[in-house]
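Dumping the structure here so I can ask a few things about it.
For reference, chains read A, B and C in written order, and residue numbers begin at 1 within each chain.
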Amino acid sequence: MEFNPCMKHQLIRKTVREFAESEIKPHVSTLDRESRFPWDIVEKMKPLNFFGLQVPHALGGAGLDTISYAVVIEELSRVSAAVGLCVTVHNSVGIFPILEFGTDKQIKRFVPPMARGDSIGAFCLTEANAGSDAGGVETHAVEVEDGFILNGTKIFVTNGGVCGTVLVFAVTEGEDRKSNTGVFVIEGDRPGFSVGEIEDLCGMRANPVSSLFFEDCWVPKTNLLGRLGQGIRIGLTALDTGRIGVAAQALGIAQAAFEDSVSYARERQQFNRPLSKFQTIQNYLAEMATAIDASRLLLYRAAAQKDSGRPFSAQASMAKLHCSATARDVTDKAVQIHGGYGYSKEYDVERYFRDAKVTQIYEGTSEVQRMVIANSILSQPR
Amino acid sequence: MSCNRDIWVFGDYRNYFQNRVTLQILARAVDLASKTGGKVCAVVLGHHTDEFVAEYIAHGAQIVYAMDDPRLKSYSIETFSWLMAWLAKKYQPEILLVGATRFGQDMAPRVAKKLNTGLTADCINLEIDENGLLVQIAPSFGGNLIAKIITPVHRPQMATVRPGTFQELPHDNHAPGEVIRPVLPDDLPKDRNRLISSEYRPSKKQKIEDADIVICGGRGMGSKGKFKKLFDLAALMNAEVGATRPVVYSEWASHDALVGQAGKNIKPKILLSFGVSGAIQHTAALIDAKFIVAVNKNPNAAMMKMADVAIVADANQACLGIIKAIREKIRN
Amino acid sequence: MKTSIKKMTGKWKRPKIMLKIIVCIKQVPMVSELPWNPKTGTLKRELAQGMMDPSSARALESALQIKETKGAHITAVTMGPAMAEEILHQAKALGADEGVLLTDPGMAGADTFLTSRILAAFIQEECQGFHLVLCGSQTSDSETAQVGPQLAEELDIPAIGFADQVEINGREVEVHRHVDDFFEILDMDLPGLITVDLSAYKPRYLALGGVEKAFEHPWIRRLSARDLGFDEKFSAVKESPTRIIDVYSPTTQKANRVLKGAVKQVVDQLFEEYGKVISSAMGKDLKTHEHDGV
């Protein structure tokens, strides 16, 4: 099995890294501290196709394969996990479901402005009573003559505060869960749609995560994605793709924490020698590097699998499970290696530490990932 | 054909009072000639250039090859390159040195090509080795590496020299010197570049590159407001303020102040560095600083390691403390 | 019969001459420190990731802007090992029309003298009828600023260096530049060569869509020393007039005196121990303790 990053992926990596380091890095601490969404950086990213990574050229996107997509998210997240989060959610659970399940008309209507970055995408599933248990969703859509009327509240919506196109998972009338779920595309200027307060979160603070309210929000029939009853299927497909993005995010965070730890260990001296001379620290660095490398292989394997057209759900879950755990472990070690300085906002590692944790929670908690993997194992023929 | 052992220096006299590189190279040439046994010669191409001819003799040239003609009244890259090559072929110097002004950097490679010889750019030192060869010492890789280069066979041995590398000799009115005036050859080709206008516009950027005292600030200063204090200190010390890349990107200082890769190189007598961690892109521009005082909370920052005096303190506080101290001392 | 009627009734269009621009670019190592091979006197470039040299990127940017305003066919050429192909793909992704890699073991370690000769051989062989050659003024690794002028000499074309602004008007090009404290405007006839200053033509970021497109069609031509008319046994290192005899890191022999403590205390210490150095640099007598006899 050949595994060699090809020249194209190298070039993409360098291109995104150069952009991230020049345009995003100088502002990262400020954005985190002020919980501010970087609109000016977004303006610079739009012409570079960051908001249409896997959208075909004809629709104004970059037409990238999934490995390239993962590289982009990894490199963005290495500098700013919050920006990486915005881009991955927009691309994976915002645009992708429309490309996959939308009619030609829907695709032509919704995708180009999103690919241009003029409308930022979001997908809302979670509610107060429905986290891991998607079955507890209460937001409902009532079918009327010419459309649907939505009512409900979604919470913890990534990009909530800035989104222009939202995919909403809702239930319609009827007892049978299997046939009464649907995903609706809501444009940000629809009457009845409003954004709640931005959440005050531990990490990824530059991303405006918020609640979204739907109060008698009417949408035409043409805003229903796919068919009624396909809601769960669309949701799960979206999440599979989303998981690759989140795994890439987590990997980027881990990579940043690791690089900072290596350079700190080389510089910082105690007992008359640099930390890098102590076996304990060397062991930490070795473990961090190995974990990151293993995570990286899982991630790119999942991406390659998706591109090959084969089922990739279990692989994406494994990647997300592993990468997020690596991010948590590596950032924890990174703070430890930095000692007291690691706990201070003077250094970036405490931000990586705060940012890392949520990768084990959103887009399916690590427990849910294990469920997915276990199901995949147990549903194999004996 | 065997050459004499003469060392030639191109007379770059434009903007004479700021541009001292020819005099500086002449001084070094005097030193080198004492080891090679040749004469130190200057070459002056222009119109009404007698004062420069006299200056070069007063600063170490034993011979000046002067070509004075209205056709040479403005610097012309094609004409001057052609003439330098023509003169070198005619008189066969052993060594030909050119100041690394922009003009020199453009002209020297052309002359080297015409003469089919090697050229080392932007030398920071020149020596004669035990075989009488010119050892050309030049930085590469942004100053992270220094290379020693020789031209074993091809002649003349050519190098361009960075301005400010050598110290000019004092003016000596009584120094003897011969002036040779070759006639402009008939086959001098027409200039294919046309100079439409040339306006003397000294750029402000000279200041930090030539400043005796530079105060550099990094992110450790904390904020734009605190960074401003460095300007107060600079005013007190008659210094220039430099900045690292993150500072320029955060707009605490303008791009003119950037010291480092894609910015300026500095060579002050004293560098005071506040809250700078010491990334290689910045420190590469500091190798010529004579005395470095670094202030940083982190005693192990790379900048602290390369300082003569490393002060472990908050950069902002230290800056205020030094301002206070200097004010008191001046008052007394 | 039909053709001649068409000729008579069809609109006569003045044939537009497409500007043929050649941009010389270079891949340089991304790291600031690279180990050195003492046998060849060259850097072990294969150990580091490469990137497009910043001044080459500016030359390319100026070419792209000319293409956008006047229309042009851009050939990006680089001399280097196989990994240098990456910057040719980058150039294509940014808008160059074709890319050429001049690669050969014999070319390794070429100095500017040989590099300019090799580039000139390519241009003379393969780019007949070119109008403009654009190069960066100096690369971030060797920083000699020599290849441009020497290439112009080899091709026997006029050249202007350190350009801030390049404007093509028909068969002439006008150049603005700020050199040695003089702000100059010059022009020259094409074909010619221009080197672009580092202060000008900030390179645009590469759009990700462009990368994908660039790799879709293989379009990089590779040419060896033989292809360019050089001898089989061509070796740049042997033919070079200059020879590197040593490469070393500049040593900074610093005393590295560390001062710790309360701010007032360390500042006092600084002036006590180094007041003289500071005074003399400032040209002011600071009346430090050293002088203070009272």
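In the analysis below, a contact is a pair of C-beta atoms (placed from the backbone, for glycine too) under 8 Å apart; a residue touches a chain by one contact, two chains touch by 3 or more.
Being a predicted model, the structure only gives us computed values, none of them experimental.
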Exercise. Please work out which of A-B and A-C is bridged by more C-beta pairs in contact, and write that pair.
Key: A-C
Practice problem: Taking the mean of all protein CA atoms as the centre, name the chain whose own CA mean is closest to it. | Solution: C
Exercise. Just give me the whole-number Å value for how far the CA centre of chain B lies from that of chain C.
Key: 21
Quiz item: Whole-Å distance, chain A centre to chain B centre, using C-alpha means?
Solution: 52
Exercise. State, to the nearest whole Å, the distance from the C-alpha centre of chain A to the C-alpha centre of chain C.
Key: 39
Self-check item: Multi-partner residues of chain A (each touching 2 or more other chains)
Solution: none
Quiz prompt | Multi-chain contact sites of chain C, meaning residues that touch two or more partners | solution = none
Quiz prompt | chain A residues within the chain B interface of the complex | solution = 22, 25-27, 30, 267-269, 341, 346
Practice problem: Note which residues of chain A are touching chain C in the complex, please. | Solution: 7-8, 10-12, 14-16, 18-19, 44, 47-50, 52-53, 57, 61-64, 68, 72
Quiz prompt | Sites on chain C touched by chain B in the complex | solution = 32-34, 36, 41, 43, 54, 111-113, 116, 140-146, 148-150, 152-154, 157-162, 174, 178-189, 192, 198, 240-250, 252, 254-261, 263-264, 266-268, 270-271, 273-274, 277-278, 280-284, 286-288
Quiz item: If you look only at chain B, which of its residues touch chain C in the complex?
Solution: 14-15, 18-19, 77-78, 101-103, 105-110, 112-114, 116-122, 135-136, 139-154, 192-203, 206, 212-213, 237-238, 261-262, 268-270, 280-281, 284, 287, 291-293, 299, 304-314, 317-318, 320-322, 324-326, 329-330, 332
Practice problem: Going by the contact rule at the top, pick out the chain C residues touching chain A in the complex. | Solution: 30, 49, 51, 85-86, 89-90, 93, 205-209, 211-213, 215
